[in-house]
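Going by the order they are written in, the chains are A, B and C; count residues from 1 in each one.
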């Protein structure tokens, strides 16, 4: 893996100069030990996120992208556990950090936004309670000041008449409004990193677009790094600076958003993009990736995608290493689409 | 809110009226009212006089109205055995029953909720499995049987606690209760625990089920992601959500505690209205039986009403739905 | 205990997040009945309870054949044998392994005969209550409208009172006797069945096959009983099992209090009540052994019912 480490440093050096990256995930493995066998939900995942950068983590459901997010926060519950690897947040390893230290970071330096806004806010607590407690968990601030801060945060995410909303219960707000509240909560303590787990999937398309825009603007303004988890490449295409594509617990391809979208290297990324309806392919048949996502239990050795891959060969029975065939683009494949990329 | 209350009051009144009809026809149609309402030891002249006094020679509808009028003024007739008005007799015994039921309610909450919470948070641990096995036993074992065993173990064999009667009572803030004396407390231990057993099991199960469901809810995970302390997550986020169904059930179960105290009071010779009921059934003291039934029905209806109102205060969703309605 | 037979992934604890991630684990699913049996037998406790229950029922049925004495045939009972401790020799030269009661009856025999009565009362009342509750519940779900509202209002009203209280009120009004106890137990229980059946019938009624059956011109009765009812059986079986345990416990309680079965129909509750007076003088066995028989019966029915519920309840499946 030395090749990876070298290139990583190189890429960082090019982009952000002396700044250390906000988050470095190295060879992370999170497995669930169930009665029917170990489920390798996250299997040897590495990536980096810098301050102010948005990383899109894309993949089908079951690819381990959400589990990656929860691993970073230290929110993996038994029977799951981080088996090996390192999660370095501003140089500090979170895998070996104490639970108390992790709690101190959660919601403070690292915040998370969940998928379903209808479910994330506690139905029996008022919005202000849920916002104030998030502040007071991490800093000594009296209720009044904390409430003012919550008010400002709601205003920042574009909620009209925040004072009224603060006194409301979650069920009195619409889905989009609730997700804005959740985003406001994430930004409350001015975190260095926000992990957003498909925060717009449950929302209407118009509201989706608004929220995407707002989240992006907030990140750039505050310099917060963000990991945007999604199954929809179209969503991250306009949002993320870089994309990492996950398949069956592994990252199969990373690169600048435009590069990955325009010239995907991994056959899986190619297939995934082929199944996204887009303007330039109007009237054409949507491509589907044949087959189903494989079971994560008892996955045969080698590339997990080989069974569905049009390019699979004997070679694919050995697990491909991560390689950087084109500068800035890492890929885990024996038969990448280099021809197309070269055009 | 007020419309909701009025509707509930109205429903409650109908229920009591319906139950009065059932009790009345149970006594007057299914059974022989002369048998049911007149002291079997009375002589012929007495019987004639009472039949006229009770209006038993009138048509049945008129009799029912007469019965209702009696209820309205609290007149259920006189006990054959004690010669006192039946209502008065029951009201005298009521504090002892209430005290027992409250003690049992208290025990079921302070024992049931923590145990259920623990079993829900650590479902795989040995202690949790023990708690759940215990609660299955608590559900399965008939109260009277557990009571007998408690007497044998704690009163006869170990001699730790008394097994009969209420003990000394004292008056505090105008309430006379055995909860205020040491002797009284030692007397209430066994019966209260016996009565609480079923409810402890119930509260454990409800709390555990609620906890198990809630810990996987996104809002709990979100609370964790906010970096809140475990104490706040469990004490506020989790507990406040699971308390709503638990409190509702506990409240509804208060009536059943009073009903089940019939068994406990009989075993532990607790001088409450439940023991009075069984004694009255055994000696066919019908006015007391009728009075007891009507009082327990009224109590139940009142409790259901109170729980509904408390529930609507606790759960903002219900409250709003009713405002909207 | 083949692990592939379980569709739920152990330990995920229903966490939707993980469950979603693990959704496509491609586990093999067997036929429903096979799976039901293998899932039921997966719990050793439930299997033990089922065997115990079977043994109890057989012992109760065969009571006259496997007991040394008919405890209610006065010619076979000798008052001189009264209150003998367990293991004593009876006058008629057999060993009273569980001792004898105040009237000189062999307790082992009395318990098996008592078990017969307890089970008979519990099961009879259960069957009648199921028949009534099922019909009413089906009717409510099928007819809907005002009929349903009216029926369910009554059901809800009754269910707001505990079954024990309803039964107690009835015996208070009706008096003692086996018929009255059964009536009281039926009245106390039918509403549970009505609610259960109506609930699942409502779900079934909205399914397409019912519409299909109706469009074929089948009669209402046929649709209700042949098409909807079989699909409501799973919850009914679960509720029925647990309710029967309740009914047996309730009858024992009422009989113990002296307001249930008379001395001429000595169920386990009556036996326990008879022994109560001797308990404090150390002659524990007269109450304790019938009590243990009652406990084993109730606990094993409950355990079987619990397992049935876990296996049959689709909500618990992931």
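One rule holds in what follows: a residue touches a chain if its C-beta (ideal position, glycine included) is under 8 Å from a C-beta of that chain, and two chains touch if they have at least 3 such contacts.
Given the structure is predicted, the values throughout are model-derived calculations rather than measurements.
J.: Using only Cα atoms to place each chain's centre, name the chain farthest from chain B.
T.: A
J.: Counting only C-beta pairs in contact, which chains form the busiest pair?
T.: Result: the chain pair B-C has the most contacts.
J.: Which integer distance in Å separates the CA centroid of chain A from that of chain C?
T.: That gives a centre separation of 53 Å.
J.: How many angstrom between the C-alpha centroids of chain C and chain B?
T.: Between these chains, centre-to-centre, one finds 24 Å.
J.: Residues of chain C that touch two or more other chains: which are they?
T.: In chain C, the residues touching two or more other chains are 13, 15, 17.
J.: What positions in chain B touch 2 or more of the other chains?
T.: Expected reply: 221.
J.: Which positions in chain A are in touch with at least two other chains?
T.: If we look for residues of chain A contacting two or more partner chains, we find 78.
J.: Could you list, by residue number, the parts of chain B that touch chain C in their complex?
T.: The touching residues are 15, 18, 23, 26-27, 30-31, 123, 136-137, 139-145, 148-149, 151-152, 156, 212-213, 216, 221, 252, 255-256, 259-260, 262-263, 266, 277-278, 281-282, 289, 292-293, 296-297, 300, 304.
J.: Spell out the residues on chain B that touch chain A in their complex, using ranges where they run on.
T.: 124, 217-219, 221-229, 232, 236-237, 240-241, 244, 315-317, 320
J.: What does chain C use to touch chain B in their complex?
T.: Going through chain C, the ones touching chain B are 13-17, 157, 160-162, 164-165, 168-175, 245, 249, 252-253, 256-259, 272, 276, 279-280, 284, 287, 291, 294-295, 298-299, 302-303, 306.
J.: How about chain A: which of its residues touch chain B in the complex?
T.: 73, 75, 78, 103-108, 111-112, 114-116, 119-125, 133-134, 137-138, 169, 171-172, 182, 185
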